[in-house]
Amino acid sequence: MNFLLANLLSEPVGVAHYMVVGAVLFTCGIVCMATKRNALGVLMGVELVLNGANINLIAMGSPYLQGENATLGLDGQLMALFVIVLAAAEAAVLLAITLNFYNSAGSVDIDQADQLRG
Amino acid sequence: MDLQTWLPLLLGLAWLLPLASFAIVSIGGSLPQIQGHHASYRSQKIAGVVASAACGASFLLSLLAMAIWLTNHPLGAEHPGGHPGTAHAPPHYSGDFYSLASFGDLHLAIGYYIDTLTVTMFCMVTLIATCVHVYSWGYMHEELADVVDNEVATRDGKALHRPGRYHRFFQYLSLFTFSMLGVVIAGNLAMVFVFWELVGICSYFLIGFYIERPSATNAANKAFIVNRVGDFGMLIGLMTLWSSLGTLHFDQIFPQLAEPASAGGLSYPLLVVAGIGLFCGCIGKSAQFPLHTWLPDAMEGPTPVSALVHSATMVAAGVYLVGRCYPIFVPEVLLVIAVVGAITLAMAATIAITAVDIKRVLAYSTISQLGYMMLSLGLGGWVAGLFHLITHAFFKSLLFLCSGSVIHAVHTNDLREMGGLRKKMPWTAYTMLVGCLAIIGAGVPAWGIGFSGFFSKDAILEQAWSFAGANPAPVYGLLLWVPVAGAMLTALYMFRLWYLTFAGEPRNADRYAHAHESPLSMIAPLVLLATLAVSIGWVWPFSELSVTSLLEQARPAGTQETVQGEWLSSLTIPDEHLSHAPEIQVPAGWTTFSAAMGGLLLATMTYLWKWLRAEEIRQSFRPIHSFLWNQWWFDELYDWTLVKPTLWLSRFFASIDHWLIDPLVHGITHVSRLVARLLDSLLDRRAIDGSLHTLADQTWNTGLSLRQLQSGSLRQYVLFLVAGTLGLFAVASLYWKFAVAG
Amino acid sequence: MNLHSPATYLSLLTFLPAAAAVVVCFLPKDQDEFVKKWTLGATVVAFLLSLGMLVGWPGIAFQIGEPGMQHVFSVDWIPSFQVHYMMGIDGISLPLVVLTTLISMLAMGASWPITKHVKAYCMLFLLLETGMIGVFLALDFFLFYVFWEVMLLPMYFLIGVWGGPRREYAAIKFFLFTLFGSVLMLIALLMLYYSSDLRPLDAGLLAEVGISQTDIEAIQAADTPQHTFNLLALQELGQTTDQFKNRLAGKTYEWWAFLLLFVGFVIKVPSVPLHTWLPDAHVEAPTPISMILAGILLKMGGYGLLRIAYPICPEAAYDLAMFVCTLGVVSMVYGAFAALAQTDFKRLVAYSSISHMGYVVLGLGVWSATAGTDYNPDYWKMGMNGALFQMIAHGISSAGMFFMVGLLYDRVHHRDLNQFGGIFGKMPLSSGLAIGIFFAGLGLPGLCGFIGEFFVVLATWKFSIPLAVVSAAVVILTAGYILWTLQRVYLGADYTGPHAEALTPITKRELSIAAPLLALALLFGVYPRALLDTMEPSVSQTVERLAEWKERDDQAKETRQDSGKTTRQARRLTNHHQQQLTTPSP
Amino acid sequence: MHWPSFFFLLFGGFACLFAVAVVLASNIVRMAFYLVLSLAATSGLFFLAGADFVGAMQLMIYVGGTMVLLVFGVMLTSQSPFVSMRTSSGQMLTALVLGGTLLFVLSFTAFHVPAWQPTHRPAVDPNTPLLTATPIGMALEGYRVDQLDQPDPRIRQGMSGYLFPFIIISVHLLVVLVGAAYLARAKRRST
């Protein structure tokens, strides 16, 4: 627990610091998803959440941050890569759905998308 | 220099000067009334100056005492708390001014107990009192002439006209200052109790200053009676100590407590009773849950009073007393103190969010901050709690005086009618911003710079962190997270207050148009207090002098150790010095910081940027809002569970007299009258058989002759009665004399 | 007339008002103002005379710090009954005597609004004062009783003639209750008298209790029991001999005597449930009489307990200590609750008196000097001193409260609390004084009411924790009813009751009555030693002697038990032995 | 001055700041813009943590690809009434409070796991550049060159690469894109 945050500029940072950034992104994403009525806003929230998770993955796998017994190797980065790719795929699908919904309902307000049939 | 003579002399003088000013003002103000006049404009003005001068002189004397103290007890030289295990008392001087009574080995006296805490408190109280006095010159100036009180209608429906009471205000302020200093200097608990009640009555007078307003007098009554409920507990604490130890002097209690029960100490259950009893008094005075309801109502008093009495000094007396009596409290009692503090701070903070009266928001924030202090003391943070007391005194009096300045300008307390005032009254707005930043503990943890509240609140959170670390049970963890959440709420409601008052657009154009910056006598104290609100937590440049180092010198013996509970063996109250370790300090600092920033952000989003609309939030959380708006329904609860039953009970007791005892007495008299009549008639018959008529004639004649005596003059009758009695005695004594002799 | 001899001085002090009353008899009938002035003059002289002892009049100067009786003199009065005209002062009676003359003087000052039968009023008033002073000075039980009765009649008339609409009812009620108490006292008096015998006391002791040399010789020579009314001798007998230990219905004479005396005195105090005469009497009595009633008459009950009941009947007092204290606490609570429900201003003050006098009973009874505390009398001393202090303090504050009520009543002719309000605006000075005096009643520190209550409550814990807790809780109720009353009467926007135009500012006469009371309340509250220095030695001596008695008594019982045990053991042994003897051996 | 820490603060700060801005912004176009910035800052963090290939992918796929897609979608749908749709403040507050609590719990946990604390002796000195593109490429093809000197025999046994997941992901991506194209095809409104 030594010097977690004091003298941030003169001491190395740890995984925990990255995770805090990840947590911030994650939370922002969650809040975004919870509060935006625009479907695209929700989509952006999802992106943020995934990004927050990615930061964690990268940080845990980083040999700069972990001690000598770090054993993750490239696993963290590979996971992050997959997440990125899946996020891209998911973004594409979501966008497509949104456009479809916009075409049928004339709006991207998800509050109106409360029926399974468009 | 001989401190044993000089300190009592200086502080005693500083203590008595306000009393002298009270006497002068009250007698001087009453003399014209004997002639049927009211005090003149000039003499009222003089009264204000006299009271303020006395107060200022007290401050200078206190400073002198502080200087003398520091030259004789350099800081850091004596650190009773520095070495765990050494249990000697901090440097102090105690003695008696005069004795109240002594019975055998029992002594009650008016005395003094002076240590660094006393001197520090003296400086703080007199300084703030002086500021408030000066501020009141401006704030109360309307009272100099006849006043039209628009809040009170007389019988004919017009606003009330009454003579001004400027001098009365200063009279009460002086008496209050005297009483408060009495609490601080007190050398024994009996004296504390005496002045405890006196500050209570001063508060009663000051809350009820506008005696014509029913709300003010109700609030005054409520304040005093609720305080009495606390004092009831305090009396029990006093009785426990008094009956077991035979003394109430601090310098005799503390060493005796260390002894086992067999050697004149107290048994553990009695210690718990004594501790909780004393704390009850503090609950009442410091408006802690569940006796907090009087303080928001106390805002009926003039604003300078709220600044001095109901935020900075009197309500802090409870915290002071807990600090003073610290060795009496065993870990279980400390836990009670901490829990009460935590409940209070959370409850008051939530209520403050919805209040719309500018002074009520501040009142609840006061309650909440007092909760922090209690929490800190309860968790073992002795210096932290008292440090927060000192810093809080400065920024809270500043906030109240600023609010007073606003009220003075717009003539309303309602936040909904303000807005945009920073353009009209920049001095007030920015000094108040300083106060807000101080109370939320603004500062940068990594660099260790910030407003005064930053240091004290951090110290409290550090101790809470340390406590949570020492007690892994999750329940104890609440005592850490509640204050953290409280820090967020503090930032939220304080900045809500500031934004609603000063930012945005004016919501009431009329009031805005008439608003104006306050006169110099009000601005000057604001600036002074704002300076102190920023800097009181700092270390004096090029020295060790700081409030914390002063308090550290007064740390009571026995608090420098980590202690375990006896009944709750899992309870550990950690040594306060452990909380200064960086592995506690750093996360605690950042946690507080982020909580405060979160609250600040939320307030800004809602009230400045208006991303969140307060009205909509109110709609969506209607039940919660009405719960908070009605202050958790405490008033209603007490009304139904306590006040009404008491009145019913009183009516019941009164009717016992009327329906039980009196009829019984009447019955007995009726029966005896019947018996008498019965005997009478029996005798009559016999008399008829005898020579009734002769007797009647005789009686008639005698009656005629005796008629002369029946003059109808009562005093004669009485004289006859007395003479007859005396005669009877004389005859009886003569008769018996012969009887014995014969 | 030698004013430096105690006999003359104390007699003069006692009978000066009576003598003045005789003079009043001959004053012209239409000179009301002059009669009042004359009466006032007499009360002032009596007050000065009582002060004379305090300030050191040669020959009669009161020695502060001396616990025993001072300036005792004794003259044969009814020799056949050993009734003496015996008086003396000590720290217990002197403050009460001064209080009596002071309150009488102030009450006379408050009598100016009386216009009906002024001459009679003044005579009765002066007679009443004689009776009251006499009660506090008398050291002969019989003399005490006489003065007690002398006081009763003028009071009856003062209430019954000059009172309010229900004056007859109130006067009769007062009379009956008090008479009932007197009768009980008389019975106890006779019981004690006829069981007393002075012969066991040695000559030194007899001289100490004020018996003349010739009488001592006669007593020691006598072969029949020598009864006595001498209070000091009775105290000695009660504490050192077994003379009052005859059994009656399972209890000792002493026990019965104490009970009778206690009931008799407690009616006067008054304690629940014998208190109902007080509210009625107060409500109907004119203001000055209310002042006297609350200020002095109630103190006689406490004085009687302290002077007579406790020292003479220690065993019974110890036996009934819990009962006494409980009664005190019940009075405190009951009075406070009842006061809370009143709407008549004067009735409220009357109930507050009941509550406050409960402290007196409680303080007297907290007998904590027992084996459990190693016979440490300190806490009981505190309680008893507190009780006596409370009597004086209540004398000052209640007289003041009744005066303040009367002051308003004189102006607006009603006492309905719900029809007051806003008096402060009309009469600021008198309201200020009233608030001060009411705060003295509330027990605010710095005013006299606090000291007595605080001492009593602090002393109670050592005796009984539950009682202490309840008595401490009364502070809440007291604050409740006093503050509520102040709010309803003095604070507020406007006076809405009748006769609003009559609310004129306080006059100089009224001011000179209220101000000294408030000043005294302040003096005793800030510096209680002013009073305690005088009374503490005497009260503490009383307590110490009772504590010593308890210790002796316990030891005696222990030895008796031990001897009883040994004899029983011996008997059992012999029985055993006999059985062995009679059983035939196999 | 410890430069990695400085850059961490810089990129981390930007990432958080713009993420918060995304939440607070009510205009969908601005949101998109802030999101781009936030993601870009995140890629900076990736570089900082030694994941140069992932960082580059982040920049290319997200910032370059996804965002173009997103902005495209925004422009397709953003017409006046939908540019900003206000959420009720009550829901907003609830979300904020819950989010705040979540954030708090997450950060609190992060700092209480000992293995995640800063270390002065990292496995690889931060001044040594890590070239991860080749090893990642190998790993995706089934060769774990990074684990060759793995001391733990159990891990070494199962240190196969990510070939199979890579294939699955690829197919998945293909299917998804086809599906997306189908869904988003221009269609006349039924009305």
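First chain written, first letter: the chains are A, B, C and D, and each begins at residue 1.
The definition used in the following text is that a contact is a pair of C-beta atoms (placed from the backbone, for glycine too) under 8 Å apart; a residue touches a chain by one contact, two chains touch by 3 or more.
Everything numeric here is computed off the predicted structure, so don't read it as measured data.
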{"item": "Chain whose average C-alpha position is farthest from chain A's own", "value": "C"}
{"item": "Most centrally placed chain - per-chain CA mean versus overall CA mean", "value": "B"}
{"item": "Intercentroid distance (Cα basis), chain C paired with chain A, Å", "value": "87"}
{"item": "Centroid spacing, where centroids are CA-atom means, of chain A and chain B in whole angstrom", "value": "53"}
{"item": "Rounded Å distance, chain C centre to chain D centre (Cα mean)", "value": "91"}
{"item": "Interchain centroid distance [CA atoms averaged], chain B/chain D, Å", "value": "57"}
{"item": "Residues of chain B whose C-beta touches two or more other chains", "value": "587"}
{"item": "Two or more partner chains touched - positions in chain A", "value": "1-4, 8"}
{"item": "Chain D, residues touching no fewer than two other chains", "value": "91-92, 94, 96, 100, 111"}
{"item": "Contact set on chain C toward chain B in their complex", "value": "24-25, 77-81, 83, 117, 119-120, 123-124, 127, 146, 149-150, 153-154, 157, 161, 173, 176-177, 273, 275-276, 279, 334, 337-342, 351, 376-379, 381-382, 385, 422, 424-425, 428-429, 432, 439, 444-446, 450-451, 454-455, 457-458, 460-462, 468-469, 472-473, 475-477, 479-480, 483-484, 487, 490-494, 496, 505, 508, 511, 527-529, 532, 536, 540"}
{"item": "Interfacial residue positions of chain A with respect to chain D in the complex", "value": "1-4, 8-32, 34-38, 40-41, 43-45, 47-48, 51, 54-55, 58-71, 73-74, 76-78, 80-82, 84-93, 95-100, 102-104, 107-109"}
{"item": "Partner chain D, residues of chain B touching it in the complex", "value": "587, 598, 602, 605-606, 611-617, 619-621"}
{"item": "Contacting residues of chain B [partner chain C, same complex]", "value": "30, 33-34, 36, 98-101, 103-106, 152-155, 160, 162, 190, 193-195, 197-198, 201, 204, 208, 211-214, 217-218, 220-221, 224-225, 228-229, 231-232, 235-236, 238-240, 242-243, 246, 646-647, 649-654, 656-657, 661-662, 665, 669, 713-715, 718-719, 721-722, 725, 729, 733, 736-737, 739-741"}
{"item": "Chain A-touching residues of chain D, taken from the complex the two chains share", "value": "1-2, 4-6, 8-9, 12, 15-16, 19-20, 22-23, 28, 31-32, 35, 38-39, 42, 45-46, 48-51, 53-54, 57-58, 61-62, 65-66, 69-70, 72-74, 76-77, 81-82, 85-87, 91-92, 94-96, 98-100, 102-103, 106-107, 110-111, 113-124, 126, 130, 132, 135-136, 139-140, 144, 146-147, 150, 152, 155, 162, 165, 169, 172-173, 176-177, 179-184, 186-187, 189-190"}
